[in-house]
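See the structures that follow.
Each of the next two complexes has chain A plus one other chain: chain B in the first, chain C in the second.
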Partner chain A sequence: MSQLWEMIFQSEFLFSVIRITAPILFAALGAAIAERAGLTNMGLEGMMMISALFGTLTSYWTQSWIIGVLCALLVGLVLSLMVGFFALKLKTDIILAGIAVNMLGSGGTIFLLYMFTGMRGNTGALVSENILIPTVHIPLIQDIPVLGDILSGHSVLTYLAFLFVLLMWVLLYKTPVGLSIRAVGENEHAAESVGIKVRRIQYTALAISGSLAGLGGAFMSMYYSQGWNSGMVAGRGFIALAAQAMGQGEPVGTMLSSLLFGLAQALRTKVSALQGASSYLVSVIPYVATVLGLVIYAAATIRRVKKARRTKHVAAPVEEKE
Partner chain B sequence: MPQNEFVVQMVGITKVYPNGIAANRDVDFNVRGGEIHALMGENGAGKSTLMKMLFGLEQPTEGKIIVNGETVRLTSPTVAISKGIGMVHQHFMLVPSLTVAENIVLGMAPTKGMFIDYKKAVEITEEYSKRYNLLVEPDKRVMDIPVGMKQKVEILKALVRGAKILILDEPTAVLTTQETEELFRELIHLKEQGYTIIFISHKLNEIKQITDRITIMRAGKSMGVYNTAEISKEEISRLMVGRDVVLAVQKDKAEPKETVLQVRGLTYTNEWNKKMLDGVSFSVRQGEILGVAGVEGNGQGELVEMLFNLNRPDAGSATVNGQEIIGMPQDKLRALGVSLIPEDRMTYGIAGAATIEENLISDRIDQKRFNKGPLFNMKAIHAESEQLIKDFAVLCKSHQQKVQMLSGGNIQKVVVAREFSSNPKLIIADQPTRGIDVGATEFIRNKLVELSRAGAAVLLVSADLNEVMELSDSLIVMCGGKIAAYFEDTSTLTDAVMGEYMLGLKSQSDEEIRRVCHEG
Partner chain C sequence: MKDRRLMLFEVARGTAAILLALLVATIFIFLCSDEPMTALRYLLIGPIIKDSGGFNTMSFYTILAAMIPTIFTGLATCVMFSAGQFNLASEGGAMAGGFVAALCGIYIQMNTGLHAVVCVVIAAIVCGLIMLIPALLKVKLGASEMVTSLMLNYIIMYIVLHFLNYNFADRSKGSTQTYPFAETAQIPALVPGGSKLSWGFVVALVFVVIIALFMYRTRWGYAIRMIGINKSFASYSGMKVGGVIVLSQVIGGLLSGLGGSIEVLGRYTTFLWKELPGYGWTGITIAILAKNNPIFVPFAAFFIAYLNKGCSLMATYSDVPAEMIDIIQAAIFLFFAAEQFLARYRQKIVVRNTQADLAKLETVKGGETQ
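After this line comes the complex of A and B, so read on.
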């Protein structure tokens, strides 16, 4: 046990927490923006898978990581607009449309990879150092003891993920588009009655959501696992939905719950390295964390709803007398 | 006729929905500038459809709409707003988690660069709020403000968007008596400033009080326009329902027998430490209707919640035929013969997406006669629901229709059909006729009387003073969570006396109030 504590309190461990959190955070922010517009983007997992594949392939073809990342973003965006088209225009259930994308992500990618390259299951052989997303050492911070080791030396996209937390907060709370998104998500009819173009707002939110999933996918294949493989996203798209729910769609809350899941995954990696630990038991840590997180979230929600319901009768008509 | 006399002219409007239902047939509707114009009619008479067309939510199949002398095609609310028409919907079109100011500028938020200028939004809100004497708190979230203020926010929303013609769809349905009075003052203030108001309502008293002219609709057609001052309430109701609705309910004198419901010392403090029920004690006997009157928010809602186990009191007891019912699960309550007509019928009364039949049998699916082994006996279920639909005159296409497709009055009839047909010993009726049409109201009131005379105990909670005074045999008035008065005989009671107790100006002595417990 003491061995474990030692590991946890090393800066290297906290560094890995941040690294592992980044792709979850991308997807969770994507889940959050869609949810705020009243849409559940169930297809995050598949969007990450597909954009991860295209990201790594494009970077190989063009020998440019930037173009690879942009391509991944574009693929995520197109997929989310597709979901939007099915759900908003053709009126399918958005959850089902998302699940379709997920199935496309798990089966279709292997087919596409074989079609494009003749490879089966992974692109490891295509990857070289120059087409991976580069890491950055932040000039001043990297010299601070401990903190420098934790915060400096991450990939460009890792920093971008955390920057997006701020950007999304600004978007949601400080811009007219954000106000419209929140209004549409909470009361579509209210938004419509004041002339907000509800469909356009929903497509916008989905497009942002898909783009973020695309970036998460690029992070996975072009940095985290250094090449695409079929089991790579491993439920991060679903964990992201849980993180969003726990964070109640708030950018900062979503980040904190993403960090929690990142911590759980990092812990699994560490514990499984210990001697004598059952790898089967250890591998469930992130999922147990997800379930626990959702239980806590559900309990909090129930209490809130109950309170709202119970206080409904006290509409305080007495106040006006004062 | 001078062209500028009417600000709105709807000429020969016909609306046929794709499913073939004609909601409006050749309706003419004209509104003068600067008047308060009532649009009356039973639920389903076509007034909402007509107003939806004026607000651009629906397009007429035939006919034309002229606004300020100009023929217009109102293809969306945005177009209607640009023509100076605003609408305050019955179900508020507000976003609960946004502040009052944000709701008011929604869709037209003032910006500074690419960001929202929230300070400006608050300024706009305050400016309009002052100018029209509609007091709101700009920084509060809409979810935290009372209903009356929400309505003001809706009116301000329309005014900020430049509306000169305001459509109010049953604005008083959700308001307390004081809030209604306040709304009327504000509407008259708006009228004095040259605004035109179209006022949809069922309530005859309100219509008489503030409107200048009335258009009455029945079955999709206009029954004509009248000057409010020149038409009597009886005539209005005759035009609306096509027969004379007996406003006074006919009933024999009550002959109360044994006590059914006995409530003693019920006390409840809500989470904001406000004592909503303070030692409430009373009894309801077989064969009588006990009314509970009071300004809303004085504990009546909580009382009903406690009695039907939707909430738990801090202290006190309640028994039905000697059996304690506090904390008793609802199926056991129903087995004891307790029925509830809930205040919020859409949440507690029905499952909107389920069929009429499913709603009707939902309290009795356990009964043997509706089951055949592990499966339902659909034949018996159909027969039961058909019978109930007939007995309670529910206007519907079939028993398989979804309940939410019905009009408010018919939805309430479905609730009542279920609650009244289970052979109840105690009926708790919470606002049983709120927001429903005259015909359904009369029907439900008569049924209540009928059941009580047949031996049921009825506890009637109502904010409608007429209703509670006419229907009840005896009556308690609640004020500040306590019983302020008990009247054994309602026939000699006047509004003025009631008002004094309701508003807390007077209260009876403990001895007088204790008579409602019928002990010794």
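After this line comes the complex of A and C, so read on.
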């Protein structure tokens, strides 16, 4: 146990927490923006898988990591628009449309990889150093003793992920588009009655959501696991949905809960290195943490609502949350 | 009369969706294969037609055998989706059920006949209890059952793998598996040969009838469907919404547990799954195809099992990977579940029906005044 504590209080561990959080954060922000517009983007997992594959492939074909990342983003965007087309235009239940994308992500990617390259299951043979997303050492910060080790030396996309938290907050609370997104999410019909183009806003939110998932996918295949393989995303898209639920669609809250899951995942890697620990039970940690997080969050909400009702002496009916 | 016209339309629309999905598959096959005709042949008629041209009975039985677990997960999904509960944990339920049944088969001694039943029942009850977690969290705390059930799948998988590896593994074998279960616990085969078609198939069909009766002929089934259609209305009309939501998910758990346990006891002699079996996701596809109606579940399950078999044959005898099945399933998902797909024609039928009604009304009125 003391061994474990030693490991945790090392800058290297905190560095890994940030590294592991980044892809979850991308997807969770994607989940959040869609949820704020009243749409559940269930397909994040599949979008990450597919965009991760295309990110690796195009970066290999063009030998440029930037084009790879952009292509991944584009693939995520196209997929989310496809979900939007089926869910908004053809009235497929959006959760089912998302599950369909996840199917494409799990089996379709293996198929596409075979179709394009003849490889099965992973792209290990394609990857070289120059097509991976480069890491950055931040000039001043890297010289600060402990903090420098934790904050500096991450990939470009890692910083971008945390920058997007700020951007998302600005988008949601300081721009007309953000106001429309929130209005549509609160009540579609009310929004429509004041002249907001509901469909366009919903497509916009989905497009942002998909693009973020695309970046998350690029991060996974072009930095995190250095190449695409079929088990790569491993439920991160689903964890992102949980992170969003816990952060209640607030950019900062979503970031904090993503960090919590990043912490749980990093812990799992550390504990499994210990002797005598069952790697399977350790693997459960992030998922149990997710459920516990949801429970604690939900219980807190209910208590807050009850308290508010008691102080106000009004029996406002609590809308049951779907 | 007009109902029949609308129903015909629904059937036509479903067929169109499936054909569209197969068209997508065909396009992909032509894109990636050097021998597309061979691949298509194996995909579409390979599962039941022999190379020599005769009907392939053996292969037909394997298709029926593959339906056993997915009928159960399909029924589970039907019940839960009917109540508007997007519980996706029948995947984990099937795995947990299989594991529990295997353990009961190994460590409990009993007579032939009774033993298998006891194993299956215990497995089903355990899975029903597991499903209480997302159900109660949903009802008591409002936590999304979708997220908790997704997490539950992974939790179940890792816990089963932990016990399999650390407590119950048969170390004398090369791969990780339990000891073989007692012969008394095995579900006997329905037909001789290696098709693995066990009596579980009959049990599955019986459960189709039971669940159909439950959903359409009992108070509880009515409540489940009503809550799925309009929760507030059901609540205002005095239904105990929370209890029914829990009930639907527990039934889902029972059914997925049955599916997993019957599959394991009927197909294998030891427990050897090392990852989630995938029956839960297939069950969702089946429920979509069956439009949440239990009676259609066996047909949908047959269709998916047929396609699966076709895809694996195609992968064996041509150069198209078996993962094609996921692309077909995704396409079916998207078009089949699309309410507005071909809705314009539905609208036309509705208009024509109404006009016919009006005309009839006119003539009746005309007859009265004269």
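The rule we apply is simple: the second predicted complex is superposed on the first by the 301 of 322 C-alpha atoms of A that agree within 3 Å, B and C clash if a C-alpha of one lies under 4 Å from a C-alpha of the other, contacts with A are read in each partner's own complex, and residues count from 1 in each chain.
Here is the rule we use: contacts are C-beta pairs under 8 Å (C-beta built on N, C-alpha and C of every residue); 3 or more make two chains touch, one makes a residue touch a chain.
In this text the structure is predicted, and so the values were computed from the model without any measurement.
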Contacts of A:Asn187 with chain B and chain C, given as first, second, both or neither: first
Which of chain B and chain C A:Gly235 touches, first, second, both or neither: second
Which superposed partner A:Met115 touches (first chain B, second chain C, both, neither): second
Contacts of A:Gly195 with chain B and chain C, given as first, second, both or neither: first
Which of chain B and chain C A:Ile95 touches, first, second, both or neither: second
First, second, both or neither for A:Leu140, with chain B first and chain C second: neither
Per-residue touch tally on chain A - higher for chain B or for chain C: C
Contact residues of chain A, present in both the chain B and the chain C interface: 320-321
Parts of chain A lying in touch with chain B, wherever the complex brings them together: 170, 174-176, 179-180, 182-183, 186-187, 189-196, 307-308, 310-311, 313-321
Chain A residues touching chain C - in the complex, by the definition given at the top: 40, 42, 86, 89-93, 95-97, 99-101, 103-104, 106-108, 110-111, 114-115, 120, 235, 238-239, 241-242, 245, 278, 280-281, 283-284, 287-288, 290-291, 294-295, 297-299, 301-302, 320-322
Residues on chain B engaged by chain A in the complex (per definition of touch): 76-78, 81, 87, 89, 92-98, 102-103, 106-109, 111, 114-116, 143, 146-148, 157, 161, 176, 178-179, 182, 270-272, 274, 276, 295-297, 301-302, 305, 311
In the complex, chain C residues that touch chain A: 28, 31-32, 86, 133, 137, 141-144, 146-148, 150-152, 154-155, 158-159, 161-162, 165-166, 231, 281, 284, 288, 321, 323-327, 329-331, 333-335, 337-341, 343
